[in-house]
Amino acid sequence: MTILFLIIAIVILASAVMVVTTRNLVHAALWLIVSLFGVAVLFAMLNAGFLAVVQVVVYIGAIAILFIFAVMLTRREMRGHGKPLNNNWWISALLSLLTFGGLAMLLSNWDGFSQTPADFPSDFDGVAELGNALIDPNQFVLPFEVASILLVAALVGAVYIASNRK
Amino acid sequence: MDWTLWLELVIKALVLIFALLGGFAYLTWYERRLLARFQSRLGPNRAGPFGLLQPIADAVKLIFKEELTPAKAYKLVFFLAPIMTLVPSVIIAAVIPWGPPFQLGDRIVTQSIADINVGVLFLMSIASIAVYGIVLAGWSSNNKYAMLGGLRSAAQMISYELTLGLAFVVAILLGNSMNLTDIVEAQRDGRWFVLVQPVGALILWIATLAEVNRHPFDMPEAEQELTAGYHTEYSGMKFALFFMAEYQKMIVVSAILATLFFGGYLGPWVDRWPLLGPVYMFLKIVILLFIMIWVRATWPRIRYDRLMAFGWKVLLPLALAVVMITAVGILLAEINPWMIWLIPIFSLIAGAFASLMIDRSLRRKAYA
Amino acid sequence: MQNEWLYIGLFLIVGVALPAASLIMAAIITPKKSNPIKNSTYECGMETVGDSWVQFKAQYYIFGLVFLIFDVETVFLFPWAVTLNKLPLFAVIEGIVFILILLAGFTYIWRKDALEWA
């Protein structure tokens, strides 16, 4: 299992690096799909089947499609000209290194790494638990409805911006 | 994981893949013979008895065909696109239960590759990645027909995917589970979901027709205006893979429809002989495929703007209405079991209303 | 449960190997006699004019955006549908409110003609 995890983690990281370094926009979108798919596999390995499938439906099936549409519909030239890095790259590299260091410092005090998760009971049904949490008034009813409102806001905003030029 | 488990998996995977391959080969024969019947022709009848060897002859021909790669094509993606189209059509079959589990020696063998608790959502996720192969094929060919076909197909597939997902929600509501085996088991004793929710089944059927780009929704490969759509530039084995993907998708969506609304593997004596399960599935799939081919022989193609309008303005609201009606109906059925029949009544009213609105809108735009 | 996903993963590998193997086999067997005319873009005999990677209708993108929103909505409805039999009345009302809020947005974009393909 650990070996599988390492392979997938490397695939995710490598394809993420390819997304930002490749010059061809469609290649970047395809590498992004590989990376997202790797995350879905990680969810599946963690017994989070629902999250794995939702990752595929929403991220690969909808968001990445939107990227591909955007690339295909707006750009005449698929290859970017000019260097992908500008001269200030070292500042951002330093910043991300510092952030990573800070996170690593914080996490080094956390003892969660050395613990193994408890096994699920055999009749555990994550999806039913999730559904219950969504409709239980003491838990996530309000976020569930707020999510709906948020979606409507996104919908209205997107359509308003997109059709403004007419 | 002991070795018997591996053996079981390998055998099941091989059986499923070869069943799909054989199904694909003979579905082409079935379709050609049926279309010929509808048009008072004979159809392929030279190779073997009733033309039964025709698929083999076609396969041999396609393998030995020269493959052309257009000079202006985007080579890598051009090569990957057929694979990306075929793979979803195969792995979507992994979660479909083909029969009830049976006892073999001292172990229980399930008749599906994987029995996951989010089976229905898995179907939807695979349906959503099926877009990629087609759109990338169209884009990488660097051909205007192919590009238009790929884009049309992508827009059409994402539009009808929402309806597909909502029809899945209807089946989940009725079966109270996302596990496909549970959904089938909930339809025992002839309580097929198509009886409770006929409109839901019809919506799912229309959405799947659009998802697999079949008539009358085959605008992406409309011969008269786009030559062959997204696979214009493909030849030889690569073309065969597209062809294979389309026909395997037809088989698989028929299997999904049979599982969710037509009782799946259930039928008389299926509990005593579990291997009857695949036989019932086969019969149901053949009947559903017959209807698909019948539709192809009967109806003309829908114009593209109307196709999109139908998907967004008719099917999506109708599907949402059907979801709400089903939820309320299940609530009322808790009070009195007979109230469950309010679901079909109200859904049929909603469906009739929707068709009335289509009729009105078509009359208003007499020019269109 | 872990095993089930492993099965799907293995089946995926088989599913990828099958078309890849057939393509490789075909690449070995097939005759290769290409020439520039054969490899030109097929447009029913006409000479190709211009590039085919041009800008298409922005409408495709709008449909993509609207699809994304409703896709997320459908995903939310799935766990709701699974647990409908527990606390039914409240759950049904909750789900219907969820759908109605989104239908309001849907009406807006319909009125805005974002769904017109013209």
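Order of writing sets the chain letters: A, B and C. Residues in each chain are counted from 1.
The rule is short, and it goes like this: a contact is a pair of C-beta atoms (placed from the backbone, for glycine too) under 8 Å apart; a residue touches a chain by one contact, two chains touch by 3 or more.
Since this is a predicted model, take the numbers as computed values, not measurements.
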Chain-level touch network, classified as line, ring, star, complete or other: complete
Most centrally placed chain, judged by C-alpha centres: C
Label of the chain whose CA centroid is most distant from the centroid of chain B: A
Chain pair whose interface holds the most contacting C-beta pairs: B-C
Rounded Å distance, chain A centre to chain B centre (Cα mean): 29
Centroid spacing, where centroids are CA-atom means, of chain A and chain C in whole angstrom: 18
Sites on chain B at which at least two other chains make contact: 116-117, 121-122, 124, 128, 139, 151, 154, 158, 161, 178
Multi-chain contact residues (two or more partners), chain C: 1, 5, 8, 51, 53, 56, 60, 64, 66-67, 71, 75, 78, 81-82, 95, 106
Chain A: positions in contact with at least two other chains: 49-50, 54, 57, 61-62, 65, 69, 72, 127
Complex contact set, residues of chain C against chain B: 1, 3-5, 7-8, 10-12, 14-16, 18-20, 22-23, 25-27, 29-34, 36, 38-44, 48, 51-53, 56, 60, 63-64, 66-67, 70-71, 74-75, 77-78, 81-82, 84-85, 88-89, 92, 95-96, 99, 103, 106, 110, 115-118
Touch list for chain A against partner chain C, complex: 41, 44-45, 47, 49-50, 52, 54, 57-58, 61-63, 65-66, 69-70, 72-76, 78, 120, 127-128, 130-132, 134-137, 141, 144-145, 147-149, 151-152, 154-156, 158-160, 162-163
Residue numbers on chain B that touch chain C, as the complex places them: 1, 5, 9, 13, 17, 63-72, 79, 82-83, 86-87, 90-91, 94-95, 113-117, 120-122, 124, 128, 139, 141-147, 151, 154-155, 158-159, 161-162, 165-166, 168-169, 172-173, 176-178, 227, 232-233, 236-238, 240-241, 304-305, 308-309, 312-313, 316-317, 320, 323-324, 327-328, 330-331, 334
Residue ranges of chain C in contact with chain A within the complex: 1-2, 5, 8-9, 51, 53-58, 60-62, 64-69, 71-73, 75-76, 78-83, 86-87, 90-91, 94-95, 97-98, 101-102, 104-106, 108-109, 112-114
Chain A residues within the chain B interface of the complex: 26, 30, 33, 49-50, 53-54, 56-57, 60-62, 65, 68-69, 72, 125-127
